[in-house]
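Shared between the two complexes below is subunit A, which pairs with subunit B and subunit C, respectively.
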Partner chain A sequence: MVRFKSRYLLCEVCVPDRSSLQLLEDRSIYNTLRAAVKRAHGDYGSALFNIGVIVKYLNAHTGVVLIRSRKKHYRLIWSALSFITCLENRGQMVQCFLNCLHVGGTIRTCQKFLVKYNRQQLHRMLPDCKTDAEKQEVRRAILSCSLSNVRDEEADEDGSDDDDDDDKET
Partner chain B sequence: MTGAKDRMREKKMKNQPRNVIYTSSGRGAGRGQGSQACGWVRGHQPGGHGYSQDLPKYITASYFAKARAAEVNAMLKAVSKPAGSCHIFNALPKHMRRRAMSHNTKRLPIRLQEGAQRLAERSQRAPEKEKKQLPRSRSRRARRRHGNLLLEFNRRQRKNKWLETHIWHAKRFHMQKTWSYCLPLKPTAKSFRASYRAMNTHALLQDLSYFCCLELQGSEEQMLRALARLTSKQAGPTFAAASCLSGARQGSVHLYKADQFPQGSLGPADFLWRPRVPEASDRQLWIWIHPALKQDALSELQLVCQCSEAVSVSEESPAAVELPAGRKRKRDEDDAEQPSERLLGDGTRPPGAPVRWQSPDTGITISDLTMEIVRYRLIGPLAHVVLTDTLQPASEEPCSGVSLHQQQTDIFQLLRGVCSTAELPAGCVLGLTVDDPRLTLPQKRGKSVPDLQQSAEDDRVRDLTLKGVAAHCSQSALWDTSARERVTHSRLSEQELNRMRSELLVPGSRLSAARQAAVPLLLVHQGGRVRGEERLHWGSGWDLLLPKGWGMAFWVPLVYRGVRVGGLHMSVKHSQLMGKPHFPHDYPDCPAGVRFQSEQEAELLEKFKRRPPSKRTNYIKHGCLAPFRCPWQQLTEEWEELVNLSAETASCCRTGPSDFTVLRSLKALRQLSAWSRPSSRRNSSPLTHATAAALQQECGPSLVWVRLRLLGKGQPALHAMVCVPTTSDLQLLLKDAHSSGPQEPRHKDHLKHLRQHKTGPEEPARAVRGVCPAPLPSVLSHCSRLTLGWVTQGDFSLAAGCGEALAFISVSGLLHTILQQPQEQRGLVLLRNPSSLQYRFAHISIDV
Partner chain C sequence: MEEPSKFERYVYKNASVYHYMKISLVLENGNQNITDAQFKQLIICGLRDLYGEVGASFPFDLLKFDQNELTGILRVYNSGLVKLWSALTLLGSYQNEACAFRVTQVSPFLLALSGNSRELRFGDQLIS
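This part shows the complex of A and B:
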């Protein structure tokens, strides 16, 4: 059975000024990316972009973007990422660059990677904290997302009684 | 199904995190965040400047940490809970999963077998639960049992009233739901010419029980005083006409709003007085009105008679016991249940609606007798033969009025000697008491033929045709409510009748009449065409009035005598061939007529729009401004302006544009009729500018109902234009009597250019292609000939042998036209169909 294979690009939006991050929207990222692909790869690139590219997940607080594209053409999209210098949202330009963290075959692998990455970031933040209050916060955050916490939640809820997951990509 | 697919998808995606963004609605918060997002604002920010307020001033490490932690939690939740998959089968690594694990649990390792078995049980139980929720409908047999069918019919009658003969009609006619009735429209078989022939030579039967009857009771002077406000002597005989007041004749009258003649016309009505009873001083009056008019007329009557208090309330119909679904027949016979009864009378009236109103001052009582009396109409010259065949006067004497019954029977027998129904004077009334006509039902259907033997009582027949029925013979027990109720309840059901038939010794012989089965009824003669000079008395017939419940008992014997049955369509044609305006089609000044016109316009427009745009008639190019709805008000106003009697109108100028009326005053109609004839007979007042102006002043802006007869070819259609011929047209006709008439040059479709230039339909109300948009230009002078009016009924007339049309034209326009025409050619106009460019010559006649 033929299956559509995709690649998920996990990127992070790096801005000099954190506050300007908050204006992020998936549509603005999509449009900026399309413009960049068109600039870099012309008509061929924009046609490919139309087929399989979509922004799957976006977190404005942390600046994490999950872009999905076809397996055949993900390198094209990836290369265009580096040409993005600013994001436009409702008439305001935000200077940024997109840093690709991980390329995964499924959303689940990207999510697993993101979990690991975030934990690493939290651990790295701890020695950099200046005040005590901040340190407390960070410690609390680290504790709250530890594995044991999650396992407790799992045990509480009952397993779903649905049929097996199908082959199609979600 | 989309619904199921969406639900499955939702179930699978419920653990996936959503986008986390700042939006004005604040719905960006992901599912997995829960209590972590305490610092972030949710909900709709009406201020609009949400962004600056939502963000914290400084992005600190704590904020960053919180965001990261929240995201991690969301991801973990998404990752750890596999979407929509059963944890049993997913707990196995891939190399241990087998193909038939679902239904054969032994293929699983033992620790997982229990869970799998539980799953299998649950999936088996699920469809049962769903099935139970569906309502179990009864079997077809149970639904079609007689009692249940009756209940179903009673329920269906709550919205639209059913006539008593509904089921008979429903099997043979196309039905139409209007005026809260379900009425037969036309037969499913092709029978237009056959019905016309029946009206012309034999008899046509119609069920007219949908006409509403309002009964007034009270002293004569009070009633006449009140009713005189609703009519006017100028329009013809009123309620107080001498022949009608005694009860010997039925009269017809035009109702107006109180004291507002000539404005505020409501519609036509027929009325019948009860003959004077020597003892009682109160009199009874029945007014028959069309259901579209009922509410208006009832409120006017209440106003005029000052009856606003409702006296009695309609009783609850016997509550039929609802049979529970699925019960078997045998069990029913054991319980003594009351059989469900068929709903008689008005089913849409809620139990509690007032039926009778009484006035303390004038002592008049108004009762609403809708659907209490069944009315059948027989049209045609042999209608009386059908009646004499079907009805047998009661053999035994009823309790009251022995000699009266004898007299009525004598008159009824005399009817056989009459050659045609048209010989009797219009409107005469005969009361009668008859046996159940089902007893003498013939074995086979036949056609009733006239009795060709000369009757011995020639003198008496001649008396009958000259003078009509005497007033005391019009008395009948039908007028008493108690008598009607008694007769309705004492009717033999079909079941009993059939049982009696089966018990007869000799099959097919006549059944003996039951003791109390004498039905009182009223026979009312309907005059046919009474106005005009051609085909007088065409379309006359008899009306049969019966108490409710006896509808089908009389209908089937009548049908067995070979009459054709007609519906609403045939009654319109009947009025058209008689030259009478049909309510509500031809009453543009009445509120019911206005409503009907807007409904008709909507219907015609709908039909027009259904055709593809390139196959529609382009009415703009044909120069037809009003193919669907005639703007009468605009027409009368423009004619008033044109016939510019500036000197006189300036002195008595009306403050505003008054509403148009339809000219009904007999004197004015006679005058106009005399003037529009071409013959050069010496008239009492010859036509001059002064007399014309005088007449116009008297009438005001009004329309007149005319009949047009085409001189040569042509079939007029609905909303054809009646136009003024120019002098050159008249000369053309003089030269060649068979000329077909002038042609209208094609107009330009100005909207076409607009459509081409505009990029897209930007205007909100898109103009329909081919129809002139709403604010119409000058209706009068749009075409090359001035418009006089429009045709409301037009067709090839089978009776006249040429195209005939019935139209309304403006009075000022008519006077203006005939003033300019030479004497021999007076009354000639042009007629043009909306989808044609050819004018045809036609002759006007005003029937009085």
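This part shows the complex of A and C:
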């Protein structure tokens, strides 16, 4: 009955080239977000950030980030996301922007949304497939989307994502 | 049977969109030459320190400014009153000099700021 309610912001890191995405760390996103909140919302914002915000999950292959914040102040953190223009990663600056896909109350709802979103992305990728083998693989990935083994499924979809993207780039 | 005459009463929760604050700046080393633009810039710097760029961009107006006394009347929207007041409270220095803002009066109506019973001066005839 009495517990801390939180909001999970499911975001996607959009970069011009995917290779720079591989070395991403959750610490760099945390530091960049803290600097952006301090610039946008001052001492008040950085105090709120220190209390409740933490980067819960980061997927370097797809660029999906899960940021957790308190329920009262998630809009403040959300508004500071749009001021992020580049991420610092081991001395290198990576130009990017953070796109917020979903706001959920628990990690589980965010996972459910992510599965649905990935399935939609795969559907969108199906017409662009050049060979039949790719199409088969994408169809298999779509059919195997389910929440029960979310971690395994995400790895499979990530694999097919990368394959399709690599084949499209060549 | 006649109907009783209708009596209607209007109750406004937020009668005015703005709040007006009468403030004065107290400097440690006595008065300096501060223009009205510098006064407003000082308040904006205080807002920026506490509330960031979003807070510093909140619109407020300096309606009246007295350069000798360093007093002024600010007008701010209702949603920004708490932010402005807290920023004025926590503002501590002007050009590396200690200073403080004193808030004399706050009212949603400008007319209430014109008559302040603290500044009332009785004539000599009443003291008898």
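Note that in this section the second predicted complex is superposed on the first by the 141 of 170 C-alpha atoms of A that agree within 3 Å, B and C clash if a C-alpha of one lies under 4 Å from a C-alpha of the other, contacts with A are read in each partner's own complex, and residues count from 1 in each chain.
Keep this in mind: a contact is a pair of C-beta atoms (placed from the backbone, for glycine too) under 8 Å apart; a residue touches a chain by one contact, two chains touch by 3 or more.
The model shown is predicted, which means the values in this text are computed figures rather than measured ones.
After overlaying the two complexes on the shared chain, residue contacts for A:26 are found with subunit B alone; subunit C is out of touch. Once chain A of one complex is fitted onto chain A of the other, the partner contacts of A:79 are limited to subunit C, with no touch recorded for subunit B. Annotation for subunit A, partner touching more residues between subunit B and subunit C: B.
In the superposition on chain A, no contact is made by A:34 with either subunit B or subunit C. Once the two complexes are overlaid on the shared chain, A:42 sits against subunit C while remaining clear of subunit B. Put simply, subunit A uses no single residue to touch subunit B in one complex and subunit C in the other. Within the complex formed with subunit A, the subunit B residues making contact are 11-13, 16-17, 19-23, 28, 30, 36, 51, 54-55, 59-73, 75-90, 119, 122. Those residues of subunit C that touch subunit A in the shared complex are 48-55. Subunit A makes touch with subunit C in their complex at residues 37-45, 79. Note for the complex: subunit A touches subunit B at residues 18-19, 22-26, 57-62, 64, 107-108, 111-112, 114-115, 118-119, 121-122, 125, 128-130, 133-134, 137-138, 141-142, 144-145, 147, 149-150, 153-154, 157, 159-165, 170.
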